[in-house]
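Data first, discussion second: the structure below is written as structure tokens.
Residue numbering begins at 1 within each chain, and the chains themselves are lettered A, B, C and D in the order written.
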Amino acid sequence: MSNTTTTSIKAQNKSASSSLLKKNIRKFLNNKLAVFGLIVVVFMTLACIAGAIFQVDYATPNLTSMKAAPDSAHWFGTDTIGRDLYARVLFGGCYSILIGVFCAVLSSVIGAVLGAIAGYFGGKVDAVIVRISEVFQAFPQLVLVMMLVAILNKRGLGNLLFIFVVTGWMTTFRMVRNEFMSLKGETYVKVCEAFGMKRSNIMFNQILPNVMSPIIVSTTTNVAFFILQEASLSFIGLGVADSTPTWGNILNAAKSVSVVTNQWWIWVFPGLAISLFVLAINFLGDGLRDVLDPKQQ
Amino acid sequence: MLKFILKKLLMMIPMLLVISIIVFFGLQATGIDPINFMVSPEVLSANADNVEALRESLGLNDPLIVQYFRWLGNLLHGDFGYAFDGTSIASTLAVRMPYTFELAGYSLILSAVIGIGIGIISAIRQNGIIDYVGRVLAVLGQAVPQFLVGIILIQIFSIKLGWFPAANRVSPGATNQFLDAFQHLFLPVTTLTIGMVAVLMRYARNTMLDVLNSDYIKTARSKGIPEWKVYLKHGFRNAMKPVLVILMFRIPTLIGGSVVVESVFSYPGIGMTMTNAIVANDYNVVMVTTLIIAATMLICSFMVDVLNAIMDPRVRLGE
Amino acid sequence: MKKVLALVLAAAMAFSMVACGGNSNSASSGTASGSTANTVSTADGTLKLVLSTTDGSSTDDKVPTPWMNRTLPTNLMFRSLFLADSTLTSVTPDLAESYDISEDGLTYTIALKDGLKWSDGEALTADDVLWSIDAALGTTQVNSIYTSAFKKIASKSSEGNVITLTLSEPYSAMIDVLAQFAILPKHSLESVDLMKLDSDTTFWQNPVTSGYYMVDEFNVGNYFTMVPNPNYEGTPAKIEKVTVSYVNDYLTAAQSGIADYLYGNATDLVQAMQSMSNYTATPVDVLFYKYFIFNMSGVDGKQNEAMQNVEVRKAIMEAIDRTTLATLYPSANVLNSGVPNSNEAYNGFEYKFDAEKAKADIQASGYDMSRPIRICYYNNDQTSIDLINTIAFYLEQAGLKVETTLSNDGTTDLFTNRNYDIGFKGKSSFSMDEWYSEYLSTDALFANIFGGDTSFDAAIAAYSAATTEEEKTAALKTLQELEQEKVYKVPLFTVGTYVFTSSNVKIPEGVTFCNPLYSCDLNFANWEVA
Amino acid sequence: MDTKEIILDVKNLNTTFVSDRKEVRIVKNVSFQVKRGTALAVVGESGCGKSVTMNSIMRFLGKNAKIEADSIQYNALRDGKVTEYHLEQIKNPNGPEMRALRGPDMSMVFQDPMSSLNPVYKVGDQVAEGLIQHTGMKKKEAREKVLEMFRKLGIPDPEERIDCYPHQFSGGMKQRVVIAIAMICNPELIICDEPTTALDVTIQAQIMELLKDLQVKEGKSIVLITHNMGLVAEMADEVCVMYMGRVVEFGSLEDVFDRTSHPYTKALLRSVPVLGLADGQKLETIPGSTPNPANLKPGCEFADRCPECTAACREKDIPTFEISPGHRVRCLKYKNFPEVE
């Protein structure tokens, strides 16, 4: 008897959660912008990855056909030294998306862990971590990045990733900390504590899942943020070295005024790639927020 | 209230100290020898003794900790030191800081007014035209890299239409100072504002929606007061607090953005100073500008705290 | 959804409006900037000049020192003893009244004009000249053409208006160098620490001058304006007022109508400027070397092992197709030594591009292929970046790994931290002499890179002392052979420079522009502004 | 019935919410009257539509709510003269017509005093706001009125408390302030939406006494929304029982409590805990749970949980029968009695 009831409850739970999932998916699909965002993000990511897998030639300069307008051989035209822009935008997309996703995920993880610790333990631990985050917050991120670039004095991809992660965790941290502060007073946490559960278990297995949806949403929008940040850094000459194509690096050609006025394809395509991707990511993030956050109806 | 302000002010001191330590020791870690920049290589190899004397006189041979406290002491006395090329950092900053504050300040005000304004109208007329257009423009404004916006604006408004100058903050021989300032500030301020407005708009809209769903709005309506009073007196005032907080969080982004914008518009602010200093490895300048920017951030956040306290009795009366 | 797509499309159109517009209407862009000049600029009768804050030659808080580059703004304020013509090798007296060189070429007697005055009314005397020479040897920001010439002055003296310079060895280019060397006022600068001479803002924001103009107003970060110097003893210039704006980008400045005169050699600048109908482009014959310098070893004994093998260095040169690279510039000439291929002293040697051979040679040289070749460069314009990227590509084709780094200074970075194998540099050279004098074992900079190798010294001395064409040719041949044997620094090509003047300026007949980084007679007094 | 006697007459009120592109009808054909100077209690389980009904009448629902009714008639009695207002005809929920009524004629006390007060304004100002709005009184006069109201509502130290902020008040005090806001313009009809659910039991009693006092002494009409049957017994003159958006039983307190007719009402009354429950006597619960309003079967909504359910109950909509004057029940058990609208 008890067995059957448990299974039935389990089945109920299962069906309830699957119906919730179905409902969420339906809700998401109803949000046309979010679907548009998802499609664009997936499509662009796949295209970039496909470009990387098929090893499109993004690096061979051809000075005889430099600054060529788009045609059937070069869909996006060629850049200032005759490299195929289509291939470069695809490859650059790989690096840009990598930078965005890697940094957003890792900085969210760091922010979430620190936020969980600070919010859950409170007191001195909290005070110390909050102070640290405030110190970081006091620096404009770009300035902090510039300072770190000056210290590391190298413009490699690894350095950039490191810098972005180190300087990007504060917003997630604040959010998770605040959620933890309010959630740790909830009864179910008290119950877990009364059961003598390990603190790490309570923090990460019991409370954290409740905070996951805002974390997911903010991670999504951070992807867009980091991609734009990389482009800005490239513009002031502190981004990834030129040998690694990123959307920011490619777009850098827009620094040259004559390129802007005379060779539109050199900057419009990478510019559109960045803007479209960022736009799509933001739509996707908004859609996820609508679905995951019941407050925002 | 006074106690609150004092407490907040006192908390800034250790923060500033920590920041100064990070900045100083961080940049010492670059291992750049300022002598290489101050003395020409010819002199460097010719008069090793003189160079050593110079090094000694600059205190570069002292332990780092001594150098740090000397630097800090000098800063407190208003002596900001010298750039590697020998110009006084204080005089450089005296000219450039006001320019950057002007740029960032106007953008802040403009984006706050526009962003919060449109955000709140969007919330009140949810799913109306302003809401829809505002939301899409917000996303678009966030999607285009700031420097590209600046370049496009220069192309259209300075070069094609010739309405605004493309560089500098002051034109030679400008007779009408106000007009001159307006012409020079218009494009960079617009560029910075476009990026800022987007975030504020979204945030103000969401906050206002939250507030409008709260019970006290219903209470206000139950009193039979006109709708604009409900929105402005009861809604807006409560929505302002989180919006102010987000505004504060955006100030670093604004300063960061002004680094980029200054470089696009040849605008002689501290952002440009800092970019140039980093490219030139002039860490004396980098140290001071970073510290000043950080201090400005702290002051801003302090002011937001105070403003918050003024606006919210729960904070003011110490809860 | 449709609205969104419409908006996205609208944004895309805004993009393309900027892009395509410029592409199609080069003629109308000219009129557009004409109207810009009306709205943005102020009074007529003003010559509008610009200084770049991004090429490292000037900062926007002071007048740039005339001892590094002699750009037009400084030429209008500071004069030298002599004034060169557009070849820079034939001079007429300027501050000087006359000069005389002794038979052995060791004693120079120079008489100053009478009654010369600085803009502040003080007399300009022989003392100023002697102090300037001493100061140039003691300060930091100074072009090496002056220091290498002045080092040869064994003694100097003055008597009234007459200056006597005695050289330790003959130096045929001394007068040409003196024609570039700006005399600065001793009375204003002698109390300034020589180390900080060029950064003393109290002086450089309102310098005491000897030329046509003096500074009227200095607005830090934005511009300075110049008005005629009342104490200028010659014919005053017709232009009443000059403004000099500090900008990031010359082209934007020109397009927005705040530059009547500018110069450059980057392709995008030249092409865009040539397409503007209200600017006249004048090609100028200059010795602007783009070259590699291999980081060898220092006098301090520190070595860069990787580049020691001359075969590696030669193979690197063979791997690069310089003829193709030259197409990145509007007018570039490949060359194989400090002597242009068109010069009759050229010995005919050529680094031939042969990718296969280069690959084989590098492997044969025993170079560790897993070790990346590290190149530093310091020009941050798009053409330079493109060039470096292409070079990196060629080297990668030869099987090498390449790291390229934008650095702050292409020379000192090589020896202050031996992190780089190759420096990529540009040098707007005064003469071939300047190119070769870098090989001197006593050259303070390059001794740290070439390890103080003395093998060039004799040949350079012979070239400096040579007075006849035959002697010069012979000396140059020796130098070329040495150079091609040692492969310490290798020129890729020289690039042509263009000077652009707007239709606002009326330049008198017969003016020939010289290298825009040097001073020469442009008949400026008769320039007019429309 | 006479418009002098009836203050609020609701006929066939339907409220539909649009959510997720689906329409869900929350309130169905609800009809009831409130007699002047009496208290009507609206009872039912959570989610039965009691609050929505009242908010529909006051027009406090968001834009996703669609309100339709044959008639929502409010009869104002001023100086012995009756003015009829047809609320169902007012288009703009927050327009001048509705606003003119809110405060001086009808007002509402909300469920949660904690969130019903604006945290950034002094309580005194919040109370005075409606007064100033409707009477054009000067601030000073209004302040006197507010002090008077505070005293009447038993707020200690009113002179001091009037300048305090909501966060400085306890829950019970806050609810008094909310009541003060509702009362300050001296309305005829006060709708109290579970005014004590968020409060301690002792405070509950005080607040309820206060309300009853007001109703009796000042002849106000009160609509009390609650699920607390004890309160109903103490407060109400008439009772309206709702289930799944429908009125299932309506009548005087005695009708509903002593002559309980609808099976649901019976179940509801059985599930009320009584002090001194005999040993071994179990508190009964209503079996099953409320169905999802989004997908309802035809027939009586209570059928699945009803011990007296018959096949006919599941066939079609159940009409309402008047089993004695003023006592109406929506159950087929009474199909012999006359049907009413």
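Simple rule for what comes next: contacts are C-beta pairs under 8 Å (C-beta built on N, C-alpha and C of every residue); 3 or more make two chains touch, one makes a residue touch a chain.
Worth saying up front: this structure is predicted, and the values here are computed from it rather than measured.
Undergrad: Touching both chain A and chain D, which chains are there?
TA: Joint contacts, listed by label: B.
Undergrad: With centres defined from CA atoms, tell me which chain sits nearest the overall protein centre.
TA: Centroid comparison flags B as closest.
Undergrad: Farthest chain from chain B, comparing Cα centres?
TA: D
Undergrad: Go through B-C and A-B and name the pair with more C-beta contacts between its chains.
TA: When A-B is set beside B-C, the one with more contacts is B-C.
Undergrad: State, to the nearest whole Å, the distance from the C-alpha centre of chain B to the C-alpha centre of chain C.
TA: Using C-alpha averages as centres, the distance is 37 Å.
Undergrad: Hey, how far is the Cα centre of chain A from the one of chain B, in Å?
TA: So the centroids are 24 Å from each other.
Undergrad: For chain C versus chain D, what separation do you get between their C-alpha means, in angstrom?
TA: Centre separation, chain C to chain D: 88 Å.
Undergrad: Can you work out the whole-Å distance between the CA centroids of chain B and chain D?
TA: The computed centroid separation for chain B versus chain D comes out at 53 Å.
Undergrad: What are the residues of chain D that contact at least two other chains?
TA: none
Undergrad: Could you list the positions in chain A whose residues touch two or more of the other chains?
TA: Within chain A, the residues that touch at least two other chains are 237, 260-261, 267, 271, 275-276, 279.
Undergrad: What positions in chain C touch 2 or more of the other chains?
TA: 4, 8, 11, 15, 18, 21-22, 29, 249, 252, 255, 380
Undergrad: For the complex, which residues does chain D have touching chain B?
TA: 58, 60, 62-63, 94, 98-104, 107-108, 110-112, 115-120, 126, 129-130, 133-134, 165, 167-168, 178, 181-182, 185
Undergrad: Report the residues of chain A in contact with chain C in the complex, numbered from low to high.
TA: Per the touch definition, chain A meets chain C at residues 32-33, 36, 59-61, 63-64, 66, 80-81, 154-155, 237, 241-243, 252-253, 255-265, 267-268, 271-272, 275-276, 279.
Undergrad: Sort out for me which residues of chain B touch chain C in the complex.
TA: Interface residues on chain B, with respect to chain C: 33, 36, 38-46, 54, 83, 85-88, 91-92, 95-96, 99, 132-133, 136-137, 140, 144, 152, 154-156, 158-175, 183, 263, 266, 268-269, 272, 276, 279-281.
Undergrad: Name, in rising order, each residue of chain B that touches chain D in their complex.
TA: Answer in residue numbers: 126, 213-216, 218-227, 230, 234, 237-238, 311-314, 317, 319.
Undergrad: Could you pull out which chain C residues touch chain B in their complex?
TA: Going through chain C, the ones touching chain B are 3-4, 7-8, 11, 14-15, 17-18, 21-22, 29, 32-33, 35-36, 38-43, 46, 53, 56, 59-62, 138-142, 147, 195-196, 198-201, 217, 219-223, 225, 243, 245-249, 252-253, 255-258, 299, 380, 408, 411-412, 415-416, 444-445, 447-448.
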